[in-house]
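Per-chain numbering from 1; labels A, B, C and D assigned in written order.
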Amino acid sequence: MRIMNGHIVAFCCEHSAYPAADSAGRLGLHYPENVRVIRVPCAGRVDLIHILKAFENGAAAVLVMGCEDGACHHITGNTRAKERVKYSEILLKEVNIDGGRVRMFNLSPNAPHKFVRAVNEMTRITKESGR
Amino acid sequence: MIIAERKPMEEIKQLIVPYRKVLVAGCGTCVAVCWAGGEKEVGILASQLRLARSVERNEISILEATVERQCEREMVAEIKDKVAEAEAVISLACGSGVQTMAEMFEDKPVFPGVNTTFIGMPEREGLWVEMCGACGDCFLDRTGGVCPIVRCAKGLLNGPCGGTRKGGKCEIDPEKDCAWVLIYRRLEKQGRLDLMRNYYAPKNYRAVKRPGKVQAAKA
Amino acid sequence: MAKPFRDILKTKDFVVTAEVGPVKGSNVSKAIEHIELLRDKVDGLNVTDNQSSVMRYPSLGICLLIKEHGGEPVFQVTCRDRNRLAIQADLLFAYSRGVNNILCLTGDSIDVGDHKEAKQVFDLDSVQLIHLVHTLNSGKDMAGNELDGGIDFCIGTTGTPSADPLEPQLIKVEKKLKAGVNFIQTQAVYELDELKRFVEFVRNMDEEVKILGGIVPVVGAKMAAYMNENVPGVFIPQRIIDELAQAPKGTGVAKGIEIAARMIKQIKEEKICDGVHIMFIGREEKVPEILGAAGLL
Amino acid sequence: METKIGVFLCNCGEAIKNIDFDAAVKEIAKFPGVTCVNLSSDLCLEEGKKKMISCIREENLERVVVAACSPEFHEHAFGEVLEKAGLNGRLLSMANIREQCSWAHDGDVTGKAVELVKMAVNRVRLLQPMEMKELPVNNEVLVVGGGFSAINTALQLSRVGLRTTLLEKEAALGTGTEELESLCGFDTSSMVSAVEADKNIKVLTSARVMEVDGKIGDFSVRIRQEGGEILRKYGAIVLATGHQTELALDCELKLGLSIVSQEEFCRMLGNPSLETEPKTIGFIFDFCDENSRFPTLATLNNALAAKRRWGSEVYVFYKSVKVDSEGAEILYQEARDCGVVFLKSEVPPRIDVDNGQVKIKAKDVFLGEDIILVCDVLVAEELHLPTEETANLSSLLNIRRDSRGFCQEENVHLYPVASEKKGIFFVGGCRGDLDLGRVLTDISSVVMNVYELLSSGKILVEAEKVEADPQKCVACLTCIRVCPHGAIQLVRINGGKEVAGISDLACYACGICAAICPAKAINFQSYRDEEILAQIEAI
């Protein structure tokens, strides 16, 4: 059976979410320990298989975090990521996994609070729907 | 190119209910190009099936393989070991790939994982449209290179039906262009509208005797 | 007994036909009522062939009933449900039973009907169908075999005067005329200028063919919007939708009839074409009201 | 033989307090392939780096994991350490145990730190060395346009030694700069003669770009001139196609003596023999276009000038005065001090023409009353719009424009002057409504960018960082369609099969293509699927 390890895998764009997460640490904004950040060059690099494999591996939730709308370093990377996340929701629902466990967040590098909010929000969602 | 579309997940899940080790076999040609059955889709389906079964607490082992053309026996033979290992195969190839696989491994159930839909081309990234009905009696010389057999919802040969919508759209789908309006515009542009005024007798719908067979005359 | 339609077309100044929609089921009493009501008021009764791709009692069946009840049927034949074998067979049968008028149509797509998963045929198109009738008229079948006992249909077809773009439609009409038809019952017309333009086009090609303008009364603004959206080949202008919208509640049908009658009158007075074809499917019993209002009774 | 991996932990001068490093070292040492684990407190200092180098050499390490601060800080420096130790700099993976672990959580986080190191170890095992290679580039630059921005860009490019072609659609350079001249006090003709005297600058007038092919370092541009067409090669292209203005006026009001544009007003100011000096002048701005940097400056400048020259009564109707441009604040203050009256209104004033005089009616926000001003001259609000040339060229180059049609004005945080395609730049009015200060900054920025790219005649790139495997590529063209940087083309390998060819020069390494490739044919070094999935598996 699928053993959820309760982790949240966060794919973070190195232009925005990754520095935002760093900044959260520097400011001492604490968030749950279960977050595992995987650094990517752009949210557009995140593939469906990465999301699915994270769940196969027991992740409780997956976050894809890219730049704000209209501010993607690669123009369409964040919008593509958003579409892909939407599609991954469908793929997950097809196999009876709550589509709410995958989410796309847009944030800028100077938005550590937004990073923390996103992580907290996702932790809350996963706790509510059971690990 | 042959266009296909993945079957609904529920249907695929039902197909493999009795099995605990299944091979998902992709094809690296047409269905790869139309995002239905290439290596990427194989990975996604395999992952989904593993997830589905683990949610049901009924673990399954999924093997993955993609051959260059599943409609070639020699190429399919390359993955025979993996087929041997599996209890059943889900093929993400078009109908001919599925059948090649089924014919080569007669003792294994081979299931289609995609619905083969038509011969077509990409209109833009991620959108494919039907272009050819493989009727065996090509009509394109008379229609400015627009096929009325499949691009007209009714396959009419002598002009548009009365159902054409405003702006020259199709009766069944306001998004689609009426093929005969396209033909008209193309021929008009080329100054060859006479072709459209010609009467075309009922088509030989038996140009290809089913099952079709083409024997190359030259070696 | 009604006069043969072919003779009426030749002799009458203003020809009027109406449409009878077959029922869903085997109970034909309603159809018989409509036939009884209309047979002496109009010159011919068209019977639709699984209209809008909705499965119903067969066209030919109602045609036979019309025949039995002393009316003059126009057998509508579409290419959607039958291949060339079935169509030929049906035509032979129809003729042998005195159904001598045929309206050749392409037929709506399966997608608009109630059996959306059915295989649609379209082995022939409407132009080819007209040629086919001529072939049978000449005593041979499509494969060139001699027929024992010929046929002689009075052939009609349709055209869409308000199509957009119009030119491809006119080319098709041109082909139908070349194939040879006795009459055209147009698709619904709301702008008489469009009808005039259409008639002029046809007249330039063929002076003999009789043209009956298609009249489909609309009984409400919403209905009109729905028809524009969903009924193939219908284009109701905003002007008429507005007129309907202004009608007091509950008077939609009366307003629709009034508009239809007004158009018929104008067509007749201005001699725009040779007659009208009234399609008031589902409200066949109201057709006499239209005729009355148009001064045709 | 298992790959030998060395892990270097650092407590960042004891800034990492909630990790039990001794316990972590023990755990990490158990990971397959990890042959040595070192603990340091100053890895990023010279001393630490030296120790690292000697350890890599002594232990014959093949891969290195550094578990310390965020890779944002020292990843590059540690890469250099690897190089110095004789390892390829790319065979490094960092575990961010400081910002994203120690500092982000309460209590002991040893367990998470160990897991982050495991993720890095899993990844580093799969990393492949990557070589740098030099690619030759053409170092001549094409600047399209003939206005202030274009001329200055060309002059500055020439100054840094880059040959430049200035391509102008008009018959002469420097047309349409009167307004700028009068506002900013520079002299176009001297600029034009400087260009003409410059041997590094070639000027093509009455010329138009017809087609552009190729990529950075090697653009082929088909240019149509009066005499016919020529094909020329450039390493970079700078668009300086300017903007155009349109008066935001009711169509019934005709432009005439009493309603003028800023440009015409400048001309009036410059006319020594004006018949009658206007006694009352009204200005309107910032109602229709809130992005009104340049109109603000123009209004302030012209209002002041009118006051000083003619002593007229000057009234300015505005929604808000934007003084973020350099010098605007002072100008505004001066204008107020000189007696220019500023009237704030929320909605655009009503304008009527009555007996050759203009009547402006507006509701003043502060007075809360309607104000009616009858004036001799109204300087109407101007909209800044992109030129047709900008539209043509951007579609020719397949470059996006923003919702208003300017070149990426809305994306300034990212590439203020660079387009999404390497080697294509924007400068000046084609980028939006800019004030002169910004334009000058843009120009320097473009010149610097171009200089960096082209000056040496070659570019150093990571060879095949993103590459489509020709064996696996099914030439579906998906990547070509999705690449936001236009870096992928269909190429023939050895004159045979067609596959996707990703240009090392034009690629920005975002990985969008790798994620969408249906044949899984695209390898993105350091971010390959395997490398990403290996990290997931470590969790």
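Note that in this section a residue touches a chain if its C-beta (ideal position, glycine included) is under 8 Å from a C-beta of that chain, and two chains touch if they have at least 3 such contacts.
Computed from a predicted structure; not experimentally measured.
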Partner chains that chain A and chain D have in common: B
Comparison of A-B and B-C (more C-beta pairs in contact): B-C
Whole-Å distance, chain C centre to chain D centre, using C-alpha means? 65
Quick one: report the Å distance separating chain B from chain C, using the average Cα coordinate of each chain. 39
Between chain A and chain B, the Cα-mean centres are separated in Å by 35
Using mean C-alpha positions as chain centres, tell me how far chain B is from chain D in Å, no decimals. 44
Counting only residues that touch at least two other chains, what does the list for chain D look like? 482
Can you pull out the residues of chain A that are in contact with at least two other chains? 47, 49, 53
Could you list each pair of chains that touch, in label order? A-B, A-D, B-C, B-D
Interface with chain C, chain B side, in the complex: residues 153-168, 171-172, 178, 180-181, 183-184, 188, 193, 196-197, 199-202, 205
Can you name the residues of chain A that touch chain B in the complex? 1-2, 47-49, 52-53, 55-56, 91-92, 94-97
Spell out the residues on chain D that touch chain B in their complex, using ranges where they run on. 472, 474-478, 481-482, 517-520
In the complex, go through chain C and note every residue touching chain B. 79-80, 84, 105-109, 111-112, 120, 122-128, 131-132, 142, 158-160, 163-165, 167-169, 171-172, 174-175, 178-179, 187, 232-233, 235
Chain D partner contacts - residues on chain A that touch it in the complex: 5, 7, 9, 18-19, 21-26, 28-33, 35-42, 44-47, 49-50, 53-54, 57-59, 70-77, 80, 84
